[in-house]
Amino acid sequence: MSKLLREYQNDEQFEANVLLKEIDVRRTQQGKHYLAMLVADRSMEMRAMKWDVTEDELEAFEAGQVVHLKAIRQTYQGNPQLRVLEIRATTAGESADAKDFMQAAPVKRDDLEEEVSQLVFQITNGTWQRIVRFLLKKYHDEFFVFPAAKTNHHAFTGGLAYHSLSIAHLAEAVVKQYDNLNGSLLYAGAILHDLGKVIELSGPVATKYTIPGNLIGHIVLIDEQIVLAAHELNIDLNSEDMLVLRHTVLAHHGQLDYGSPVQPMIKEANILHQLDELDANIQTFDQALEQTTPGSFSSRQWALNNRMIYHPQNSEPRSED
Amino acid sequence: MSKLLREYQNDEQFEANVLLKEIDVRRTQQGKHYLAMLVADRSMEMRAMKWDVTEDELEAFEAGQVVHLKAIRQTYQGNPQLRVLEIRATTAGESADAKDFMQAAPVKRDDLEEEVSQLVFQITNGTWQRIVRFLLKKYHDEFFVFPAAKTNHHAFTGGLAYHSLSIAHLAEAVVKQYDNLNGSLLYAGAILHDLGKVIELSGPVATKYTIPGNLIGHIVLIDEQIVLAAHELNIDLNSEDMLVLRHTVLAHHGQLDYGSPVQPMIKEANILHQLDELDANIQTFDQALEQTTPGSFSSRQWALNNRMIYHPQNSEPRSED
Amino acid sequence: MSKLLREYQNDEQFEANVLLKEIDVRRTQQGKHYLAMLVADRSMEMRAMKWDVTEDELEAFEAGQVVHLKAIRQTYQGNPQLRVLEIRATTAGESADAKDFMQAAPVKRDDLEEEVSQLVFQITNGTWQRIVRFLLKKYHDEFFVFPAAKTNHHAFTGGLAYHSLSIAHLAEAVVKQYDNLNGSLLYAGAILHDLGKVIELSGPVATKYTIPGNLIGHIVLIDEQIVLAAHELNIDLNSEDMLVLRHTVLAHHGQLDYGSPVQPMIKEANILHQLDELDANIQTFDQALEQTTPGSFSSRQWALNNRMIYHPQNSEPRSED
Amino acid sequence: MSKLLREYQNDEQFEANVLLKEIDVRRTQQGKHYLAMLVADRSMEMRAMKWDVTEDELEAFEAGQVVHLKAIRQTYQGNPQLRVLEIRATTAGESADAKDFMQAAPVKRDDLEEEVSQLVFQITNGTWQRIVRFLLKKYHDEFFVFPAAKTNHHAFTGGLAYHSLSIAHLAEAVVKQYDNLNGSLLYAGAILHDLGKVIELSGPVATKYTIPGNLIGHIVLIDEQIVLAAHELNIDLNSEDMLVLRHTVLAHHGQLDYGSPVQPMIKEANILHQLDELDANIQTFDQALEQTTPGSFSSRQWALNNRMIYHPQNSEPRSED
Amino acid sequence: MSKLLREYQNDEQFEANVLLKEIDVRRTQQGKHYLAMLVADRSMEMRAMKWDVTEDELEAFEAGQVVHLKAIRQTYQGNPQLRVLEIRATTAGESADAKDFMQAAPVKRDDLEEEVSQLVFQITNGTWQRIVRFLLKKYHDEFFVFPAAKTNHHAFTGGLAYHSLSIAHLAEAVVKQYDNLNGSLLYAGAILHDLGKVIELSGPVATKYTIPGNLIGHIVLIDEQIVLAAHELNIDLNSEDMLVLRHTVLAHHGQLDYGSPVQPMIKEANILHQLDELDANIQTFDQALEQTTPGSFSSRQWALNNRMIYHPQNSEPRSED
Amino acid sequence: MSKLLREYQNDEQFEANVLLKEIDVRRTQQGKHYLAMLVADRSMEMRAMKWDVTEDELEAFEAGQVVHLKAIRQTYQGNPQLRVLEIRATTAGESADAKDFMQAAPVKRDDLEEEVSQLVFQITNGTWQRIVRFLLKKYHDEFFVFPAAKTNHHAFTGGLAYHSLSIAHLAEAVVKQYDNLNGSLLYAGAILHDLGKVIELSGPVATKYTIPGNLIGHIVLIDEQIVLAAHELNIDLNSEDMLVLRHTVLAHHGQLDYGSPVQPMIKEANILHQLDELDANIQTFDQALEQTTPGSFSSRQWALNNRMIYHPQNSEPRSED
């Protein structure tokens, strides 16, 4: 069995099939062509360079394709990088299904679907449940396949559903602890808040911002879908239920300068925003910790206001045996 | 003929009918009731106080009503204020139509309607013209009656249409001066950009923010209407025309922290934002200048980042003749 | 039985014993003395004014005392206020114990103590458990009696312990949901993070900032206590356990400009900060919601970046049954 | 006829004369010399590199010179760049006049001069007209030749006069639309506001900031010239006319942190600031749009707060034929 | 001998002559006239109110006049305030010279003049010395009489010269301590940096901002005078000496958003800015400390970013003897 | 005698012993190993590259070691850089003591010690003197050897003591000039304020932030030491002397967002902050001026808010003789 990308040692030479996530034909400053690639399997993704390129190779490959590499793992500016010696398309018999090479949520899709399905039952407000059901049906496949972001937090296949469920589970704990909380609103908000990303982003492979993503943004894109759904379902757009749901989704970035057109003015909207941030931060910390030796600091993390983070060494979670 | 509010001298006692824009029953710190009012006629609005109040008077009046006052004009903390000696409902024969007492746009409604009608013809892009026609029809009366703001710029009857047309006229000059400008987009944007205020605000008298106004805001409220209009008119919501129009309207506050969920990324969207600001600033300056003696400075203007403004004295616009 | 302050109607006259939380002798602008007071019972606190004051009354009362009032409940600038007709010290037989008139955490002290005691067992890291035990012992009474803030969130007797436990309970839910979390650190941080407030604030009645509170602040004040405790317990101050614990406490305000000398660089420190904010926000929302009629907006809330908040009306938490 | 720089295809090899705008002798990281150049003709400017350099070539050329190149057009990091194979001085008979290779305002200098001349007549305030005439005479050639900026908006020969006139034309439209505007002040401000750039910048070729440009800045540099002009012309420096004119020029950046020592407190000063920004933004958009394929987004634009901009594709300005 | 204002006890009634610094006829909310005054002698200034006013008294007094009061010292909102029982003009034989009632620099004018005179000799750069002499001559009296600010730091007669000399003395210490410092530039900067305040402010009594003060500001006003002085003295305006001196003065607020059109780019300009801030801060602290009981905190100080300050109690400067 | 690094010309080849401050094995983008070093002698430090590296050389050297180089001085991106031809360990007889190659404070250590010793006598407050003596004894060697920063101001051996003394000397001048200043507090603050850097930084060679440096920071690290010292010396931690001293040290960064947990609320704390900034700025200017040709501007200085600075040319400090 071929090893996973994460398992190769520095300076180790190997052959393997990988998914081509990005491929760019570039020139060195001196004018020679080379291939700058981002390759991945389900363990991680890595930059890869092929320096001497034939005319044929310049146009032979495209993002989304599975290819076969002969390469050496090296380190460039602190990060692992492949020096590619040979690259070719996969041949019959070799695994060539992109899905087998994508990082995925730590929970299986079937389980995600089951959990979502149960969560919807907990939305006891009829209006909100109908809207959620309508949009989950409309964007069913995308919801379970899209990442929650282009890079950083939950940037893996299924990341969107996984992130939404994490928030919903935190919300359940909050509802249990505090009186007078509207759980239905939190659960509906958890599912809908980032659903606009299925329009904002291009998909799970070679993820880019779409034109509507840049010009409108996922917050207003999902608001549009909620409005159209209500229209379709003959729900009164002026009802408080609709205003409260839309506000909760619109305000989930918490501040105007993070792109929400309104600040959270409803308690549950504020909680949704804070749980969203909490889950995203934990995910960002985990990704950075994975690449940081215990007892040392990471590089600066853009998604954490440029902080370095520390990976504790001796301070074990549990001292018991 | 009764004089207008603007025409009374300090310490002058008079009787007149005025529109009650706000009325509040309050207590002095010592616990006595008094009436704190905002009254207006078509020349201006003014604070008014009635200190000794009978039980009957406490509940006799409400905002939006025309009343008859006996009062003295005084100055309190630099601003004119009425000390009300007597207040009663109007009697038969006295003018009691609120509309006669409201400040209004300097252009008559018929003329505003005519100008808007001609402007729509200049929107040569079919998609945008249909959307604009649809929404102008849906909110026809509100568009020509609502103010453009609760206070400050264009806070008078018809202010919304007047402000929108001012921007459109500036846009025509810009289109004439620069090549490659999409006039249709500017004109459609001029009409639609603040149309959400007919939902955000309660109306021309005793203007307040509505619940949807606070929870959703006029920017997303009009986006919702554009989306529904397109749906109704069978216009493809994913067409570039729709994305570009919505972006232009969504971005018109120019910056995220002023409430736009996206920054202007299209040239015409940026121009619309700048013309909106230009027209609003001119109106704010004009209102402050009216209350500032030539050769002196105004009080600090909240709507101009707390600047004082200066009313020049000798520097006449034109020295000729 | 006397009614509670919260139960009186506007304009209702009554007699009752109340706790004097603040009392100030002031002069009106015209130079007459009056008493400006803040009074409370366990249902709420309220401003109270006595306008005609005898020489004797000027010096007869002090904050912290229980007094007997004859007063009328009125409204001043939107807030309830008492107009005091008579004030006297309590007489024998009247309840005069300040503790009976203070707002308190919704959980009884015994239960708080029991919960804290169980929480300490969950701190399986020996170093942290010893530090926590040492400081809980040193400040035992203060921890269960102090408020968590001078005003706003958890500003009631026992608020500090109640707030710390709320965070700990949220932390338990987070530990259950995510892998690789150091629960011990979260629980120790939950108990210690605000413990410096027992030095920063003067106590549960007539709470003020102390001189060390202003000059050093609760964050560094508790860091000092942690350092002294470690010294006393012969724990190595340079061990990673100590650095990690101190960092977690020092960073709990999340940002330098909120007074933390370091930003959270450890995952659990970041989570503690977010849970602290979540719990404080929920409490602030709840206090504001209590004073806001369903279907309307509150006044601007200083503790929520000056936002107004909305009290939903029809959107009930649960629609079933 | 040689083609223009804009007209070469990627990978096309050609010979042409170009203007050397910048030339730097640098070393590769490995220590070999190369020439890093910025070359231009009147269609555009482009980076150019010569990798293998003889000793002679190291010192043979200087910025401002016209040279003959044999080169291949390539793309480096998304931008066009020339790989220079041969470079030599022009020989007799080849066009070697730098002026033939500079980008220029889209209006001919004669026309610019004519328009400025007519504009001055519209300044009916005698004081301002005399100051404007005096300074236009003093800096006549520079005004019509300098760019309006080192890079970005109007960074071409004649850009300063062109930008000033654009603002003046917009101002005429504004004066026509609004009552009570002091056109003289707007026109005088349009001509003078950026005139300090003829001292702040070094000239139309190889434009750099001068020492006075950096230490004093164009805003105060032109204020100095206005003061000296008034002194020369025996105009009372304390007259309101002078204060108003100087304020208008000093405030034209609109905000202290953009380098204006005062915020606009006069209506016309505020308008001048807004028209300045409008014209500069339009120019910046146009330059970015030229380099952006319809239907796609530009790179981030420093001069637009780091926004990407979008070049619409189908949304034509006019649909009629 | 009459006591000084600072010496009266709370509730003490007295008669004294005082300087009327401001006088305003206002109305109470109920519409009655009263006089709101700011009075002073050389020990301090104090708010003063006269509540029952005759028609005659309304127009009898003006700012700048010395008047005779019968009054009671009271406390209003934490600050001392006079309740005026009687007010009349001074009669023959009573001291009526405003100068006798103004707070003044702690150094006598003759000594200030002598110190300035010696300082000028230390400006060994001929250009700068000539400019300084020229402007000190032009504004001689104002320099020694004006305050350095309208309120807050050095807001007393002679404050401008006193503040300038304090900076110069600090600069001498800095020059002694560090190598390679241009003392001439620091001393010239110390004298000139705030000299524009003699134009920006109206004078030592009833100090207000002038129109040029508001429209141009003291920084550019003194730059104008430096330019005109150089012109008069035939000094080359383009010489480095002139650029460096002007830069030093223009940059002395240290940051664009504090009103300097350029940031300090020259070492001595940066030092001047820091010494200016140091001296102003010390003065602001001293004024606040005077009104703060040892062992307690002041109210929030606007001029210190709204900080409270602490007046230490036991921590004496010197423990010896 | 070998020349100093500062003395070599561009393109000059030489052999010399230098201190290896940093050494990194990196790969070129094409995958070849090279050595990226920072080398220094007592005149300056410089980047150095060795491109062709043998296997042996990859692991032969480490930071802190003195090595012998054969190298050519070149310029890379505007900065001097060495191209290393040969590198080897020093041999017997060659100077190999790192101390001989480190930049050092301009004052000899013996003199620094003597000055500090005298300064301590000027701390007449017994509490503060005892604390200072205790900590100077505990960290005696580090105080006189550590730099005051990793890079920028006073980043040389002995920089910490030198910087502390510079502040103390400025403080003496301030104490002499102003009344009522607590010199003891300023001198104690001068010595202690940055003493935490001996824990925050790793040492004088190859200076890095330590783990406590990153997680706690030098401000709280020294506060901890002050608290432990007081404990050891039986000084009452709640005495005003202790609060005032700790506040002064904690507040010395002047603002929360520069890492001080409290703003300066005591006059001397504010002065200490300003003198700290003054001394650091002068040092930063001096370092930048050294690398800037007279009559030109430096590159942007990160430590001065990204300002360029100007090195004046003709404006000599003294014109005499």
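Every chain is named by a letter (A, B, C, D, E and F) in the order it is written, and numbering of its residues begins at 1.
One rule holds in what follows: a contact is a pair of C-beta atoms (placed from the backbone, for glycine too) under 8 Å apart; a residue touches a chain by one contact, two chains touch by 3 or more.
Chain by chain, the UniProt names read as follows: A, B, C, D, E, F = HD-superfamily hydrolase.
These numbers were taken from a predicted model, which means no experiment stands behind them.
Under half of the residue numbers found at the chain B and chain C interface occur in both copies, marking it as a different-residue contact. For the pair chain A and chain C, the distance between mean C-alpha positions equals 39 Å. Separating the centre of chain D from that of chain E, both taken as means of CA atoms, is a distance of 44 Å. Within chain A, the positions touching two or more other chains are listed as 211, 214-215, 240, 244, 247, 265-266, 295, 297, 308, 310.
Here the chains touching each other pair up as A-B, A-C, A-D, A-F, B-C, B-D, B-E, C-E, C-F, D-E, D-F, E-F. If you check the complex, the residues on chain C that touch chain A are 124-126, 166, 169-170, 173-174, 176-178, 180-185, 239-241, 244, 247, 263-267, 270-271, 274-275, 277-278, 281-282, 285-286, 289, 295, 297, 304-305, 307-310, 312-320.
By the touch criterion stated above, chain A contacts chain F in their complex at residues 49, 51, 72, 74-77, 83, 295, 297, 308, 310. Contacts from chain B toward chain C in the complex involve residues 26-27, 29-31, 211, 214-215. Of all residues in chain E, those touching chain D in their complex are 211-212, 214-217, 219-220, 223-224, 227-228, 231, 237-238, 240, 243-244, 246-247, 250, 256-262, 265-266.
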